[in-house]
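In structure tokens below, several structures.
Two complexes follow with chain A in common, the first pairing it with chain B and the second with chain C.
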Partner chain A sequence: MMDHDKLITVEDITVKYDRITALKHIQFDIFPGDFIAVVGVNGSGKTTLAKSILNLLRIHEGRVVWHNGTKIGYLPQHAGLEDRHFPATVFEVVSSGLLKDKAFPKWLNKADRNIIFDMLRLFDIETLADKRIGSLSGGQQQRALLARSMVMNPDILILDEPTNALDQESRGRFMQLLKSLNLENKLTIMMITHDVASVESYANRILYLEKHLLFDGSFEKFCETQPFSPYIHTHPKRFDKKGETS
Partner chain B sequence: MLPFSYTLIVVLLGTVILGGIAGMIGTLVVFRSQALIGDALSHATLPGVVIAFMLMQARQLEVLLVGAFISAVIAMFLLDVIKHHTTIKFDASMALILSAFFGFGQVLLSHIHKDGSAAQAGLSRFIFGQAATLLRSDVYLLAGVALLLFVLLMLFFKELKLFIFDEPFFVSLGFSRRIMNALITFMVVMIITIGIRMVGVILMSALLIAPAVAARQFSNRFGINVFLAWLIGGIGGAVGTYMSAARANMPTGPVIVLVLGVIVLFSVLFSFNDGLIKHAFLNWRYRIQIQKYRALIHFYENPDKAPMAEDDYAYFINHDYLRHTNGDLNLTKKGLKKVRLIKGVVDNEY
Partner chain C sequence: MSLFEQFIRAFQYGFMWRALIVGVSVAISSATIGSFLVLKKYAMIGHGLSHVAFAAVAIGLVFNQAPLFFSLPLVVFSSIFVLRLNKTAKLHGDAAIGLMAAFAMALGTTLVSTGGGFNVDLYSYLFGSILTIRQIDVYFAIGFSGVVIAFVLLYYNQLFSMTFDESFARITDIEVNRLNTMLAILTGVTIVIGIRAIGTLLISALIIFPAVIALQFNRGFKGTIGLSIAISLFTVVAGLLLSFFLDFPSGSTIVLLNSLVFFVVYLTRNLFKVQY
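Presenting the complex of A and B:
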């Protein structure tokens, strides 16, 4: 087995909610250094796939393997902040990303604090460090949760539509950041997105879901083999390609 | 002034320990938005107590409490089954479990009564509780359980906090949701089991919930909340016990709950997060300020055509809110700050 060079294996999983089957026989591996874009229409099972990988759902058939203690940073699609009055500051929330690695009594040392503040600075929320998380705007909360998923120095980041609450400028900067983390720090990324138009500029691999895994491969291949995907119609690149080949 | 008799001290110790630890555990339940679960589980202990008595023919507290514990665990298990295998809402299933178990317990109790068993009187104390007859051995048991729960709480404090705040993220770190659920359930059931003998199954949940609700009004930190709930629960236990002892025939449990209720009421009034009194005060100060600085605000908004009364002008110049620079009348830094503060209050609070 060559499992040591895989981070995660999704082994033929089928996931159901009551009577609805959300995923059917999905199978793929995630390799170190991958930048995967997961695309598909609303309700195609993207979030379900992320949750299944994270053990948040009961898997009916198959299984998900995290190879030798893969550390996963996760940003949910909907920030789990139902209680806006929960007494936790931004700093505390970000620091909770370190919880798994710390031994009892889990006090933060100087190095931890430095990492946390680096992350707060990276996402431009250091001035909000002592604010209650529930008092922040949606975009600010999303940055805090991103900082939390990064602070643990994960092997892989799983991001469920990470930019949908960010403003235009932060969106561009964030994608730049992800790209450089992927290229320079070899951080593996799996990102769910509807922004197919710009997928090409960062992802090396596309997963196209529609309950089944309809496609797994490079963007170029995606354009060729999925001509009737609703996404490709709206994608300008397709017309460029036609121009080139004809 | 009531003399501190031996019995009173024993009872005080018991209620203070119970109130404190129940407040701490209750904080977890309240922040999980499962305040009703304490009520459901405490009512669900009744049939367990009665069945333990019927099976073992024993009146020892420990035997009855084991029955209560098992009964509550079964109820919790049923709640879980309902949650995962039906579409019944969680609050509805809690109400169902509560009434079904409590009703069943009552039926069993009346059955014993019909048998003419003299012990029936001893069992019905579990319904309303009977703190006044607390024994020294009861307090030892209580203190042991409280210590265990306290240690568990401290050991897993950060995990519990994160689990309650954001369960999916907690699980995504590789922690077990099942173990955490089991831990919280264990702690809640334990505290209920040892509490019902003192305050009874009907009022037990108030001991869990009230201190946490009151504490929540005063802090933005989870840890401080837990500490405050401990303090408030302990104080409620002490004051309630003392008051009930000062008047003959006043039942201890209900008086403690009453005291806690009053504390909750005051905490809601005086909360510095968003207490009613704070709102009233801000409102009042705002109106005073807007009276006094109306002309200044007006000047800030229309600096060109602002006719100002002599008095106002003199006051603002003298107190350095306004100044002439290069022949123009301008707001000073201080003046600007004042206006922004008042307007800020408008934006934030109204």
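Presenting the complex of A and C:
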């Protein structure tokens, strides 16, 4: 593919925390429309990879290229919600996605408000606009934070374990929402997760990380080529394929 | 003399007007800056800096110079320094503040003991004294609180975004480091403005109390800052008047009033489940 088709290129990056190497020589491209799941055990460098792409960390070797002004949205693991009593309404949180160029006296104008309310409606949290973010359920909070990224109209959305704190039902709903953004809004998605089974029917690409990039390909291929990865043995598909022979 | 007459009499004195103008300026800037500091978990920076202000005042008195002249650069520099220490993670933020506060207090106390004869002066700097506020302090307070208000108005959106979620603010290209440095500088400035009316040892309370009280009310971000300013204004103005009538040090009266408001709000909310 030509360079202008790519959104992001990760060029052979190595990242260290003091003397501990968190990522070694990672290299891959992200293309428009991708739904990538980054999987790996704790400490395998998943969050470090996300932060490196987002330019939140110092990269020791290599570089990350955002092609043609790619706009990135981000849903961090705990997004400001370590403090459940933080005094911000859902509206204020979502509007912070639009705030960058809104210095006094340019406050949010009518068009901005329309964008925000459209997004609140899309994510079914319109009635919660004036509620404090901390008073919402886990699923509602995630949708509010997703709305905050979506008002920026990003080309790609990076999510760090977004469904961790959600119950089964909210998790399914949230994944459906991501899938429809991916298919209908052509939003490229890169999602970090430790639960590969949960992304099976959503992701078109799996990146399996263990400080090195051990695998980059489809879910089917992942099951075939990485049978001993820490995930597959818990996954029913593996037993279908390998159960009889092992 | 009736209470009303006493009230009118208070405003016949020039020093009372000066105290009120300085008080209102300090109340607004400390409550505004304090809201961000408390939510960013930097509340103790104000406490550490107030000790540095004490050392600066001691230096000023020893060299027979205007203490504010020494305080401003020293407190602002310390503020930026602590913020940097916090960021590099070589030292835990609260530990860094503890070190700075203890060092500054020791330095100030040693200087005071060598100086000997300025105890009355020092007392007024420690706990605030409305009688000592000069015209120049009034200009100083109005000017700098104007800067604080302008900064927050200009950068309100960016400040909100970075206070709620610093990583997200960074990826939306908000200059987080520059804003943090500005916040540190203005925290230092706010501490220095408050030295005369509130005193070096108690000014940090005015950064923390109004914000913490406002947080008890279930409001959004703008609402919380607005409430914080209102609470600060009320306690400072009422505290200054009370200190005049009762002949108490102004700083301690204001802080006691803040404590009272905090306990009333906190207890009614938690014991009697009053929803504000």
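Please note the rule applied: the second predicted complex is superposed on the first by the 210 of 246 C-alpha atoms of A that agree within 3 Å, B and C clash if a C-alpha of one lies under 4 Å from a C-alpha of the other, contacts with A are read in each partner's own complex, and residues count from 1 in each chain.
The rule is short, and it goes like this: a contact is a pair of C-beta atoms (placed from the backbone, for glycine too) under 8 Å apart; a residue touches a chain by one contact, two chains touch by 3 or more.
As the structure is a prediction and not an experimental result, all values here were calculated from the model.
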Quick check on the superposed pair: does A:89 touch chain B, chain C, both, or neither? Answer first, second, both or neither.
both
Looking at A:74 after the superposition, I want to know if it touches chain B, chain C, both of them or none. Which is it: first, second, both, neither?
both
Please work out whether A:56 is in contact with chain B alone, chain C alone, both, or neither, and reply first, second, both or neither.
both
For chain A, which residues belong to both interfaces, chain B and chain C?
51, 54-56, 72, 74, 76, 80, 83, 85-89, 92-93, 96-97, 99-100, 104, 132, 148, 152
For chain A, which residues are in contact with chain B within the complex?
51, 54-56, 66, 72, 74, 76, 80-83, 85-89, 92-93, 96-97, 99-100, 104, 106, 132, 145, 148, 152, 158
Report the residues of chain C in contact with chain A in the complex, numbered from low to high.
39, 153-158, 160-161, 164-165, 167-174, 214-215, 218-224
Under the touch definition given earlier, write down the residues of chain B that touch chain A in their complex.
31, 33, 155, 158-159, 161-162, 165-169, 171-175, 216, 219-222, 224-225, 273
Chain C contact footprint on chain A (complex, rising order)
51, 54-56, 72, 74, 76, 79-80, 83, 85-89, 91-93, 96-97, 99-100, 102-104, 107, 130, 132, 148, 152
